[in-house]
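Note that subunit A is present in both complexes that follow, paired respectively with subunit B and with subunit C.
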Partner chain A sequence: MKKLIALALGTAVLLSGCGGSADSDAAEKYGSATLKLYNWGEYVGENLISDFEQEFGVKVIMEYFDSNEMMYTKLQAGDAYDVLIPSDYMIERLISEDMLQTLDLSNIPNISNLAEGVKQLPYDPDNTYSVPYFWGNVGIVYNHNNVDPADVEKQGYNLLLDTDYKGKLYVYDSERDSFMMALKALGYSMNTQSESEIEEAYNWLLQMNDTMDPAYVTDEVIDGMINGNKDIAVVYSGDATTILAENEDMSFFLPAEGTNLWSDAMVVPANAENPLLAHEFINYVLTHDASYDNSETVGYSSSNQEVLDEMSGADGIYAQNEAYLPRTEYAKDEVFEDNPVLKQKLAELWIKVKASH
Partner chain B sequence: MKQYRTMALPYIVWMAGMIVAPMLLIVLYAFTDKGNDVATIRFSLENFARFFSDQVFMSVLKRSLFIAVITTAICILCGYPIAYVIANRSEKSKLFWILLITLPTWINMLVRTYAWMGILQDEGIINHLLSLVGLGPITMIHTSFAVVLGMVYNFIPFMILQIYTSLTKMDKSYLEAASDLGANRIQSFLRVTLPLSIPGVISGITLVFLPAVSSFFIPKLLGGGQYVLIGNVIETEFLTSGDWNFGSAISLVMAIIILFSMYLTKKADTDPAANGKENA
Partner chain C sequence: MEKKQKHLFSKVLLGCTAVFFYAPILYIILFSFNSSRSLTKFAGFSLRWYEKMLSDSTMMQAVAYTIIIALLATLISTVVGTLTAIGLSKSRRLMRGIVEQVNNLPILNPEIVTGIGLLMFFSALGVKKGFLTLLLAHVMFCIPYVILSVTPKLRSLDPNLADAALDLGATPIQALWKVIVPQIRPGIISGALIAFTMSFDDFIISYFVTGNGVNNISILVYTMSKRVNPSINALSTLVILLITAVLFIVNIIPILKDKKGRKLT
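The block that comes next holds the complex of A and B.
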């Protein structure tokens, strides 16, 4: 036993010794050899971090959040990170509150790899503050053995009010996504500020809650649908990609009423301690290999055009997967705008929907 | 005596900084309206009005109290016999059983709750075993059953330990006296042991009821998103809507309910214990 401990200690010393020499080079170049990354859980390629660490002789500390709001709360409390990966509307808010640094695009030459679908996004058209990481839509995954595809196409989101499928659906537990679906089903903009439209959407959701017995879930939806526990789920296209890849009974549909065209992008907060290394990391993520690794592991759509084409192309790993390539240039699809007042209202209405039974 | 008082000073500073100050902040948030900064504070009762006038929040509050009462009751009903049996075993065996009872609490509560998710799921261990004998599947996850089970499982060690302690502290000569005076075992249990162990039950109730009424991750994980208790509402107000004022108001209402129930149990504690001593 003692020998084993000695061996372990020896290895540890050896390893830290190795790291030490690389660290000092990197520390000289970037000011510090540590990158603090704040990311969603299960949202990075399996080798990306270790490859980046090895190539640049640095250490990456990754922490996870499970909602944009949680990230925002921590950031506001003064926690310092070098790179964050929030969503569109949250980036809009961070920009408006001066919480981000402008990016020096000359240090991010790989920005030229960006996919067409994530260029000139409304919240940051010139990539002044952000560089897209993953993107996609929100759509309906359904089991085509138990749900008539004609019903899905005809009803769109109103499928979720069709009592033939009572007790068979998963709904994503987030006020933004649930109200998006209700507002779109009613033919309204998901960025509406009209009280009466929101009221109608609230009633739509109440009706769903009361008549359909839905299960409100977050990431459990992926395993649930892979195991075929339910027949219908409203999910992010990236999760749909994973579900479709694992269960061939499942199909994906983007309702004609329109959907949310979302993107998550890398940003550098104003209080970042190592902005130089942050730029290096952002540039690295845009390389072909890193982006391929990301998209292969996580299943979300790459922000690198070459990778996107390769994966969805005839020989690609997602060639037959209708969820992988996001729908673009569709007039009824929208990007979320930041509106804290509306958001707060929806959050409260959503918990009331869930609590009312 | 005086020099000891100065030794308590660090503790008082700690209490002021870590307990009193956050509580005061919650009170301040609860009684002010949105968009305050330090410069402009506007007091208002709007947060409370909003909470109490809303049918949905009231039913959530009722459901939370109901679940907490059920959990506490089950903890007493199951915990008391367990504590009684353990307290009457030999010294060595007592230690072993108490170790077994406390063992799960060495592991993080969140991890243990995730484990229950795996056990109760539709394709979990129980349903897998049932399918082997051709039964099921039974839906257990995302039901009240799962939530109460998760709470009882997590909180029952507190109840058992409290009752066990009061039972072992009890002077055994009372029981001898009772049997000398002709009481049978049931009578001496009901008139000696039970009243003397009530303080343990009372502190057990406090330790189980408090976390049960405010728990938010057990209903979230085992009850699913559709199982909303008051803790989940508070969590949403702080983390998702970012309405700290309203969240603080609800927290304050809960704190008052809890204080009041502690006062009630404390009162119940002093009465029967005194009676018990008279009877003994």
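The block that comes next holds the complex of A and C.
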């Protein structure tokens, strides 16, 4: 279905209309008392929205998407939202297509709470357009009873080619994440455009598919690892946090060859109807209490330094959880760049990998 | 002996089919009472997901929208579809052929195409997306199914019935309501049922045409991409109970009526 949507995107670009008008019962301060938030499903703290509504006397209208591409389609069609929470590469694309507003940072004083690790991300180094919401890495979750930690540390992503563990691994069914680990295993940049490097990565993945008997999964990997159905999986650090919290046999490792540093960030689209309230919301999410609620409910790493320290500190709820605190300042970790042509190519190669045998 | 074996085989087959159909539903009902977050490991009995579902206003709103939209879309598409089918049965062969082909298009068209098409259509017109656009889209994709299920019933209908009714003094509306509709009622009911189910669980088209916070159950579940919230098990259980209750009532009322009728005579 994702591919179909990608195809349809091309046509969607042709048209952009205008959204509806704002609510009439406008709050004096913001111009309107409603905030339209477009977010991933199940990606917000339990009480965050209701607390925000109460504190500021406004109404939040929530809509959900399940992929950046889906969100992009609706945005292209002219649907108006006040705050979106897309991922790094999608923000890069939205910026390049002039679909975002520049933020007035004087209205977001809590930006000073930002965690060190999410400052100066390459797609928006000065937070001109975006303020990070959640962030993390991608790493290997493994069962330390069945997999030798020394093997994991020595081999990194090449662990996925170690036939000792044949039939014991989950692989996330996504071209982006699979090629990321193959390219990193080979010591290349995950944003490479070199034909020969991609070819090598393709062969790496082919070898994995043919010799390791991997199980291709999406989000069921979380439940699968919690129940210990397999011994090895490459997952987002936020999901790893949940897995480690529920199953103490599991450990988390970030390969020395480097990995993906990702961030989902709040942005205000150009056609937002209530940018003032949008700034207020972004500022609110950066407060300690809101960010704590977010991180506690979802399990992903907070973009608030204080919350990050508190949760990973000695008394924090993720104190013993090595997946919670993302690795920063590691030269070999990279952020995805937006490149639709490359993504399409990787998608085709990925299908070929899975079809071989 | 051979007959008995055949009998046994068909029973086993029936049993397997039943298990295949109902095991997933039972699984969902069981796990809606799970005390842990896991979707595959049962940790103990608890009502926490029901509690969470009922206190989750987004979820309850989605249920309300789903039911209201499904009922309205069924009602409107059944009326429009039935009238269209009756009208077509009286029109010229060429006209009928064309309209029937046009009617088949939305059914054969992939949902994603219809969805994106409607998205751009509503955007171009500058319509505010939300309840109305969602309802219109649902009516749009339900009508063809109603026409498709009513038309065969009309074909087997004696074309002189309407004339006879009119000859005997019925007004055109009476002829429609008292003569034609009762004859094609099974077609109308099956059309309405298909329309209801199509509307109730539609995701792709709904996703693209909705806006302003109007979500249905399918959108809510499909977009739980970051984490599946086990409350959906509780929600599914509720929906299953609701549908079972409706089916029970629909099936039991005619029987009761029948009994009553027999007693009177």
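The criterion applied here is as follows: the second predicted complex is superposed on the first by the 330 of 357 C-alpha atoms of A that agree within 3 Å, B and C clash if a C-alpha of one lies under 4 Å from a C-alpha of the other, contacts with A are read in each partner's own complex, and residues count from 1 in each chain.
Criterion: contacts are C-beta pairs under 8 Å (C-beta built on N, C-alpha and C of every residue); 3 or more make two chains touch, one makes a residue touch a chain.
Just so you know, these numbers come straight off a predicted model, no measurement behind them.
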{"item": "Touched partner set for A:216, first subunit B, second subunit C, both or neither", "value": "first"}
{"item": "Larger contact residue set on subunit A - subunit B or subunit C", "value": "C"}
{"item": "Touched partner set for A:256, first subunit B, second subunit C, both or neither", "value": "neither"}
{"item": "Subunit B versus subunit C as contact partner of A:355, first or second or both or neither", "value": "first"}
{"item": "Subunit B versus subunit C as contact partner of A:74, first or second or both or neither", "value": "second"}
{"item": "First, second, both or neither for A:347, with subunit B first and subunit C second", "value": "first"}
{"item": "First (subunit B), second (subunit C), both or neither touched by A:62", "value": "second"}
{"item": "Partner chain(s) touched by A:227 [first = subunit B, second = subunit C, both, neither]", "value": "both"}
{"item": "Residues of subunit A at both interfaces, subunit B in one complex, subunit C in the other", "value": "67, 70, 73, 227"}
{"item": "Subunit C-touching residues of subunit A, taken from the complex the two chains share", "value": "1, 4-5, 8, 11-12, 14-21, 36, 40-43, 61-67, 70, 73-74, 77-79, 219-220, 222-224, 226-227, 242, 246, 298-299"}
{"item": "Residues of subunit B defined as touching subunit A within the complex", "value": "54, 56-57, 59-60, 122-123, 142, 224-226, 228, 232-233, 236-243"}
{"item": "List of subunit C residues in touch with subunit A within their complex", "value": "37-41, 58, 110, 112-113, 116, 119-120, 122-129, 204, 207-208, 210-213, 215, 219-220, 222-229"}
{"item": "Residue ranges of subunit A in contact with subunit B within the complex", "value": "67, 69-70, 72-73, 173, 175, 209, 214-218, 227, 229, 340, 343-344, 347-348, 351-352, 354-357"}
